[in-house]
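Here it is: the structure, laid out below.
In order of appearance the chains are A, B, C and D, and numbering begins at 1 in each one.
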Amino acid sequence: MALPAEFHELAKRLNNWGRWGEADEIGTLNLITDDVVRAAVATVASGRRVPLAVPLQHDGIQTGVIPGRVNPLHTMVAVNMEMFGPGTVATSDDVVTMGLQAGTHWDGLAHVSHSGKLYNGRPADSITAHGRAAFHGVEKAGHIVSRGVLLDVARARGVSRLDGDHAVSPEDLEAAAELAGVTVRPGDIVLVRTGQIQRYLAGDKQAYAYPSPGLSIRTPEWFHTRDVAAVANDTLTFEIFPPEIEDLWMPVHALHLVEMGMPQGQNWNLEGLSEACAEARRYAFLLAAMPEPFVGGTGTPVAPVAIL
Amino acid sequence: MALPAEFHELAKRLNNWGRWGEADEIGTLNLITDDVVRAAVATVASGRRVPLAVPLQHDGIQTGVIPGRVNPLHTMVAVNMEMFGPGTVATSDDVVTMGLQAGTHWDGLAHVSHSGKLYNGRPADSITAHGRAAFHGVEKAGHIVSRGVLLDVARARGVSRLDGDHAVSPEDLEAAAELAGVTVRPGDIVLVRTGQIQRYLAGDKQAYAYPSPGLSIRTPEWFHTRDVAAVANDTLTFEIFPPEIEDLWMPVHALHLVEMGMPQGQNWNLEGLSEACAEARRYAFLLAAMPEPFVGGTGTPVAPVAIL
Amino acid sequence: MALPAEFHELAKRLNNWGRWGEADEIGTLNLITDDVVRAAVATVASGRRVPLAVPLQHDGIQTGVIPGRVNPLHTMVAVNMEMFGPGTVATSDDVVTMGLQAGTHWDGLAHVSHSGKLYNGRPADSITAHGRAAFHGVEKAGHIVSRGVLLDVARARGVSRLDGDHAVSPEDLEAAAELAGVTVRPGDIVLVRTGQIQRYLAGDKQAYAYPSPGLSIRTPEWFHTRDVAAVANDTLTFEIFPPEIEDLWMPVHALHLVEMGMPQGQNWNLEGLSEACAEARRYAFLLAAMPEPFVGGTGTPVAPVAIL
Amino acid sequence: MALPAEFHELAKRLNNWGRWGEADEIGTLNLITDDVVRAAVATVASGRRVPLAVPLQHDGIQTGVIPGRVNPLHTMVAVNMEMFGPGTVATSDDVVTMGLQAGTHWDGLAHVSHSGKLYNGRPADSITAHGRAAFHGVEKAGHIVSRGVLLDVARARGVSRLDGDHAVSPEDLEAAAELAGVTVRPGDIVLVRTGQIQRYLAGDKQAYAYPSPGLSIRTPEWFHTRDVAAVANDTLTFEIFPPEIEDLWMPVHALHLVEMGMPQGQNWNLEGLSEACAEARRYAFLLAAMPEPFVGGTGTPVAPVAIL
């Protein structure tokens, strides 16, 4: 089963391979220049900080459907251990086993391949069990700080959350940008709010996972045209799921990660940010969302913070 | 073996229990107000970003001396898996097992107890194997963004790195602050550079671990007086190791974490920042160093970034 | 809430503390002498072997109800890795993260304490997060090979499996021993079949876990009188669950592990053995059920085999 | 770099593909018939049991040289947890993360491939990160019980352990069989003692790992001729390491696992067994060495026991 022609046509239009050199491993993160960061810093008005990560815990987001993507198993290896003798200062220490994409995370560029290729034409088989991602590992991303823009699609449509079969369209993004009073610019990180994470926060993981509103196959071009650096939202699947086109699974993943070389974020809790932006009547802010530098990682947990 | 009287006298002078209420679980992070953040943002001049985390990998910092604090074991659970059939978009996915304090990390307030107590008088036995840290878990910290100040003690003393038996003194901090041209203020996060991490970067983990320069027992009072929000440095042990006073192990940990309720960071790579600050002739910057929100965690990996 | 008087009276009657010396850490396994093993070997007639373990896999028995007792997460760390260059012999290698008691397992003597004590009067707090079980770790058991006796209670009662509220009584054991034509002897390992594991094998983990038939609080005395070395069955909870006496949870665990010092096995698949014994009209056999020697382990996976 | 012609000639002579049918996944374990087991049982004279596994602990055999093959990290997830309220029966529970081949183990047939093939001609790429071993997983082996024969090469040569550069030859095996007074028969499991594990037991892991005595490339034919079911020894590398023929790495692994379909065991502690056999003047015994049934596992920890 090959990918359909309409996918390949779209792919050709959005392709960034070679744009930042043959050796490039960070794709659209190249768009975040010092100038962009200075402008991002200039958006800060109140100093208010809004964290966007969900808690990391064993009773987390994953339901077992995605093979091996396990919720955090967090265990103590020492509890008040008096390492230097009775009555001395005591330490507690812990370890975790978890899927790197179990909670609030970035997809790295090596997370997805299609037609045997990764971003920038690297062969998919450069990923191996013992070597992990030889190219585009999340440790290469280095640091992700830029201007964040909240496109609150749910609010723009006057609902608390989008229906499970709602594909977020370019028109939705336009309407949300208008609500925000913001023009999306090169290097921006766009946060698209669907409200879907309310289902998880209410304790219904299954309903959160599926069916899920998410980005339409028509949105990557919108992001590409605006030279966005990264996109994140508040869903498990990121894109509309099940997909818009029968048997064309995960086209948005493939377009963003493989063709454009653009990282994407999932399971971001945008509820508090939605309130904060609405209160402040400002939807642009400084966003810090640092990847943990797992060497060869195809994804990474992230604890993003918006600074308004 | 009880802790000596001199420790208890010092502890009494630095104690912050009750200062932010009986229910407080974040200690000196309370000092980071919106005003502090706005002032921190105002330090940004160039938009240059310097990441401060060491790569997370199996051949990491830990040598096995600290029980259970294992370097990251990062394995693939899917490599180009075509979940929806042959020829479809393929995904790769990974998991990790690691000590939360294996690499660049924050010590949470529950990491250390003494005399049966945690910060704010909570009983040490509120930490259990199955419940982890009931109080002061790292998920409570929420977000750590403030003004960062580099006190480059090695540079101020004209050496590339301090000797293994050098206890960083208040006088060292003063000299470094003078070099920096910065007055440490309430809510600041102070980064103390010893240069010791050069040993790890050069491949000698044992020499990095021990003996190690680090903070003197005399420095917590210096930080307390200035109402610093957090302190991090570029060593494994944080404080001088072996300790200055025979049989008084980890007094700085106990003073910071238990008495003051102040998080501390270890294994931060401050080499690039040292160069950047020296070039820019500015030692204050915006620092984002977000804890991963492990529920009940006594520590957390962190990928800090300085924005100059 | 203290344990009721009736529990303590029973406990006193069954207590084996000191019986094999103050330093003893293996309890009733002392009853397996060379003579017992020779007699066990003498039961073998056909040489047929019946394995009793359930497969170890991520979609395993655990449902998440028992905190931290995770099903095996089994991942590859190498897939056809040509370590010595292209075209050379290739290796594949794997790792696992799992609860030691996730699948077919032995409870070690340190798995349970009551009233602050472990078997043989050892203090419960000798178990710590960093030291694990200082006494009675499963590595002490060494080897478990003896005569196995199948008491097929379901078959003796003429049902394929017992109801969820059926407490297996001494009378049930007698009836099954009569069906088997076997007199239980000192050093025997008794396998009690309820048929409950059929629920797991049929894919219904929840029904398997709860409610569950299992041993009555009246059976430990039956085992004690006969000087049985160990008991295993085909349930998750081992004993009737919910319990027979309101608010007296896990009394059989406490009597076996703490008072008698007798290991117990759970999640053993006795379906094939039931068929084999019925066919052969013999219910005694050589049983090998070796603990994996985890130092300080409170339990261990086991892959038992009956040799008929 | 292709494998040399001499390897391929040898491979052809030893090849068992198709011998037990095209669908076979257990190779030489087919040779363990009920008759073989009855004969094995008949060797038991004293009932003495000798365990052959090394303890499973974090300070275990692995040195980090084999990527991802980590020593057991064994942590408590509950310590005297009173799940049903204060004063009730308390439980302790533990989890482990470990390489399946970290300690005393069996190599499964899927552990090694060469020239793109596994045993019985299965394609090497049937092993994947998400599916593990689709063919020949260790869970297929089911149960390994047979006659064990100790070939105590070190003792036969009059040394406590063989030198690091000693390749165990067919002549060594003959001499040891003569010392043992045993004729190796079809279905036997041969344990070859080099004494090398003394180095590990003495605390020198590096010396244990390398250089190591082990089986010569000339021995697989010896085992093949005698229709041995499995072979295990007391080394990390199993075969002489570094190898006898320059640039021909792991030929014995490839011949045993891929060509013959014969499982092999490593890191077996044969020191106690050597003493026991010498005392009893008998070198044949009943051996139970059950694989843990990891679905798709390429290897498995094992806790073997010899019953003399």
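To be clear about the criterion, contacts are C-beta pairs under 8 Å (C-beta built on N, C-alpha and C of every residue); 3 or more make two chains touch, one makes a residue touch a chain.
Everything quoted here is computed from the prediction, not taken from an experiment.
Mind checking subunit A against subunit D and telling me if their interface is mostly the same residue numbers on each side, over half, or mostly different?
At the contact between subunit A and subunit D, which are copies of one sequence, the residues are largely the same (over half shared).
Fitting the CA atoms of subunit C to subunit D, what rotation angle results, rounded to the nearest 5 degrees?
The C-alpha superposition of subunit C onto subunit D needs 180 degrees.
When contacts are scored as defined above, which chain pair ends up with more C-beta pairs, B-C or A-C?
Taking the two pairs in turn, the one with more contacts turns out to be A-C.
Centroid from C-alpha atoms only, then distance subunit C to subunit D, rounded to Å. What do you get?
27
For subunit A and subunit C, what's the span in angstrom between their mean Cα positions?
That pair's centroid distance is 46 Å.
Which parts of subunit D, given as residue numbers and ranges, touch two or more other chains?
Expected reply: 67-68, 70, 73, 75-79, 81, 92-93, 95, 97, 128-130.
What pattern do the touching chains form: line, ring, star, complete or other?
complete
Which bits of subunit D are touching subunit A when the two form their complex?
Subunit D reaches subunit A through residues 67-68, 73, 75-77, 79, 95, 97, 129-130.
Spell out the residues on subunit D that touch subunit C in their complex, using ranges where they run on.
The contact residues of subunit D facing subunit C are 1-3, 33-38, 41, 44, 46-51, 53-57, 66-70, 72, 74-81, 83-101, 110-114, 124-125, 127-129, 132-133, 139, 142-143, 145, 247, 249-251, 253-254, 286, 288, 290-299, 301, 303-305, 307.
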